[in-house]
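A, B and C label the chains in the order they appear, each numbered from 1.
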Amino acid sequence: MSTELQKPDATAAAGHTMPSRESADRKQLTQGRWAYTLLAPSLILLAVVIIYPVLNAIIMSFQKDSGLDPATGFFSEGGPAGFENYTHWLLQQCTAPGGGSVACPPGTLGAQFWDSMGTTFFFTVVTVAFETVLGFWMAIIMARAFRGRSLIRAAVLVPWAIPTAVTAKLWFFIFAFEGIANKLFGTQILWTGSEWPAKWAIIIADVWKTTPFMALLILAGLQLIPDEVYEAAKVDGASTWQRFRLITLPLVKPALMVAILFRVLDALRMYDLPAIMTQGANGTTTLSILVVQQIRQGFNTAAALSTITFLVIFLVAFIFVRFLGANAVDAATSSGKAK
Amino acid sequence: MKSKKFLLPAAVAGVLALSLTACGGGGGGGGTSSGGASGDAANNLDGRGPITYVQGKDNSNVVRPLIEKWNAAHPNEKVTFKEQSDQADQQHDDLVQNFQAKNANYDVMSVDLIWVAEFAAKGWLQPLKDKTAISTDGMLESTVKSATYNNTLYAAPQSSDGGILYYRGDLVPNPPKTWDEMMKMCDIAKQNNIGCYAGQFQKYEGLTVNAAEAINSAGGKIVDDSGKAAVNSSEAKAGLTNLVNAYKDGNIPTEAITFQEEQGRQAFEAGKLLFHRNWPYVYNLAKTDGSSTVKDTFKMAPLPGKDGPGASSLGGHNIAMSVYSKNKATVADFIKYITSEETQRFYATQGSLAPVLTKLYDDQELVTKLPYLPVLKTSIENAVPRPVTPFYPAVTKAVQDNAYAALKGEKTVDAAISDMQAAIESAGAK
Amino acid sequence: MSTATASKTSTTPAAHAKRPFNWGSLRTYISAVIILIWCMAPFYWMLVTAFRDVGYTFDTTPFFTHITWDNFATVFDESLGNHFGRNLLNSLIVGAVTTVVALLVGVFAAYALARLNFRFKFVVLGFILGASMFPGVALVTPLFQLFTNIGWFGTYQALIIPNISFVLPLTVYTLTSFFREMPWELEEAARIDGCTQGQAFRKVILPLAAPATFTTAILAFIASWNEFLIASQLSNDSTKTVTVAIAYFAGAQPHQEPYTAVMAAGTVVTIPLVVLVLIFQRKIVAGLTAGAVK
């Protein structure tokens, strides 16, 4: 028995015991080495598929796109660009014909940068707001015990399972001028052809697809709250609204914040729905769509824009984790049992 | 033992990492070469052997019979057909990928008119002169212009297309010759409770086509012969104003702002439009579609312009030779074959594709087969290619965005035109 | 006797309480029905349209009318330039390989994160989470250039490699959460009972881990199958996946929008997924709520 304690066998499922300090340190050391060995393949693979291309993109973003040599009429290599590509997007600086720079005129991709930023954030805020509220409502329903509950749970997975491209085409069809949306509401709206209807069409499609997913995440959080807490509150005379505000919300908050964080980061990257439903027309160009459009006109400028995009996303994630308490790392490492 | 478990994944990852770093060294620039152009263009001028012809989806079923005929006559220089997707953007990207990779297997390809300048400026197309010269005698002038960049011929016209004015022959006995005439005839449309005129006004390439037609028909131009922006002129403004006013006055129905080719065709066939601008392909469908209510009443005319026929935007394809081909002499002969009278005739009779040889438009046999040929001839004779510039994607965006905003009334025509000018200049300045 | 009467009087109020109409439960049922309709209605409409004759594309009859298999024939008809069978195969290959690689590599990482204590554990977890939040566009731009330069454009690896960038973190994250909840003490118990390391692993750990790994495989496969942005930029005609194919489905005429055929294609792509999801719904819900992304 005493030999067991001294064996620094890191594979034993002994992580929860409390060994003496010396063997604890040794255990942590061997566990550490062992852990990094196990983690190495994943970390290396991620480094290769993510870090390498991103570094490449950053390098590219400091190069100029190839320009036309007026003498020969052929394209020639761009050469170094400094921060030109970044000022192109952030400060709307476009090169003027005679050299120097000028504010990007409407009709260039550069002029659309701040609009796309606005559109992307608009979509994010609106869709996540709807999905949270509606998702919460769905979660509360699904938390109750009733016959047919598993049918509802299964139905709720259907929108999630359908590929976004199919969802986009489906809603494109529903919102066609002669489609069922107009027929049901008796309207003649050119959904994908005018600005605000197009925005709402995309929002509706996104909310349909993702609310069930939010509902499931919130449901998981709701199910952690023990019934006794509610019982006690009822006994104390708390109303439904008070119970919701003082018990449900605070206890669900960790799971809710993580769900919101994931959804916000997803929405900031939105591409499939607007690209397929409207091709980005009528004020529905998101940052991702702008990057893809720019790729065809100049790689290096596109690389600068995609770098700006992922910096924005990281910034948002940082704000969420730091200041709004969305602790996704905790959520992953907690055992999922109620405190 | 445990170490072996992770050795394999780590090794795989390591190999991946190694291969990527080794091969992907240079990320800068746009993958184009300038000096390489003259070098590659001088190679393989006398090469003969099997070649590959690349084209987008052959909707008209003309390519395979043509190739079979060639192969029977040239057993040592057989042509293989590589059929691309139906989508223009994907065809473009496929060509770009293969050019950038200097793929010698893409010998000769069919290119959309708007790509010629771009590909030529990137040094990917063989100039068709000296040993690889192709004669353009007898070809419609506008088609030859579309294949020329920097005063050099970089492709041979292969098939053509132009805008046509479809109209209700039962309501309008004589088609309008000018835009003003057409607008005056809108009273007839109002009396019959239908829309007067529609083209393609959704914000996409079709809008560039229509806007270019409006601008060119009024005497303006979008870029000049050297590719510089030239749209800021009173003629261009007059042309765009025609469209904007028609939309404002309701002569162009409100929903037409979402029309692409198909929506317009369907509206015309359902009898909802008096005049409709579209491509020749509509002829067959309007005549034979079950749902077409106009099959016996519609007629065709050249687009109306300022004082006469308008300037339609040239459509169609050109056939080009890759500088990376190893058998350029064969390719040159193949191009001559495709542009020969016999093949052009076959294009018309079998594929309903407009030929590029002028004299075929007066040929009796062809006119019987394609009754719209004389109208199309006028259209193409007066056609202006869309802006010939290596920066076409940026230029078409400049035109679309500003024309769309003007149509919707979001900015004045003056502002739209000067923004268009600035945007095109900015694109070319890169 | 007094107890009998006492119990009688005590049961009657309860019995009476059951009689008045349970409004709360009715509200719940109505809400449940609303949720059901919300989730299924558009999907149902896709099915109805897929089976509807193309001449009645915009007919609004809510039940199946003008039923035909024509649209499905059109989907697989190659003469229009669509190669849907090929596209299905491509999606399958890319999805399968991505899933296998992600699982093989990720299961070790998940074990380490779930079971071992080491410094920087939270940093590593944060890094992996951060990787899953990466925007696909940031990868596409350099990869587009890179793959062209090394001649990998239009190959399977050009799709698999970027897919791994988001499937691997998803796999690690999901498996970590599952592994956290597994009763590892059983392995210890088996060892005490006399099993060797290998036996304990095979007889105790594997059977415990198998369901979790299987569920994670499903989630990973679905994530890869549904991917669109990367596939649309880095694939060519021969490696196109179904999502791209559906987005750009070609109709019989150059500018046509073949609605019914696209709905049929969507049905073909979705039905297997829906069936899969319904069969394994409990496991999938467990996996998703264990903190998965997407």
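The rule we apply is simple: a residue touches a chain if its C-beta (ideal position, glycine included) is under 8 Å from a C-beta of that chain, and two chains touch if they have at least 3 such contacts.
Treat the numbers as computed from the prediction; the structure is a model and nothing was measured.
In terms of the stated touch criterion, the partners common to chain A and chain C are B, listed by label. Ranked by the number of C-beta pairs in contact, the top chain pair here is A-C. Chain A and chain C have Cα centroids separated by 16 Å. The centroid of the Cα atoms in chain A and the matching centroid in chain B are 39 Å apart. Each of the following residues of chain B touches two or more other chains: 6, 9, 12-13, 16, 20, 24, 27, 31. Counting partner chains per residue, chain A shows two or more touched chains at residues 11, 38, 41, 45, 56-57, 60, 299.
Residues of chain C in contact with at least two other chains: 101, 105, 108, 142, 145-146, 161. Within the complex formed with chain A, the residues of chain C that make contact are 25, 28-29, 31-32, 35-36, 38-40, 42-43, 45-46, 49, 58, 60, 101, 105-106, 108-109, 111-119, 121-122, 124-131, 133-146, 161-162, 164-165, 168-169, 172-173, 176-177, 180-181, 184-185, 187-188, 191, 197, 222, 225-226, 228-229, 232-233, 242-244, 246-247, 249, 259, 262-263, 266, 269-270, 273-274, 276-278, 281, 284-285, 288-291, 293-294. Taken in their complex, chain B has these residues touching chain C: 5-6, 9, 12-13, 16, 19-20, 23-24, 26-27, 31, 57, 59, 83-87, 90, 93-94, 97, 100-101, 260-262, 281, 285. Touching chain B in their complex are the following residues of chain C: 80-81, 101, 104-105, 108, 142, 145-146, 148-151, 153-154, 161, 236-237, 248, 250, 253-257.
Against chain A, in their complex, chain B makes its touches with residues 2-3, 6, 9-10, 12-14, 16-17, 20-21, 24, 27-32, 34, 37, 120-123, 149-150, 202-204, 228, 255, 257-258, 390-391, 393-394, 397-402, 405, 411, 419-420, 422-430. Chain contact summary for the complex, chain A toward chain C: residues 10-15, 28, 31-32, 34-36, 38-39, 41-43, 45-46, 49-50, 53-54, 56-57, 60, 137-138, 141-142, 144, 146, 148-166, 168-171, 173-174, 176, 178-180, 183-184, 208, 211-213, 216-217, 219-220, 258, 262, 265-266, 268-269, 271-272, 275-276, 287-288, 291-292, 295, 299, 302-303, 306-307, 309-310, 313-314, 317, 328-329, 331-336.
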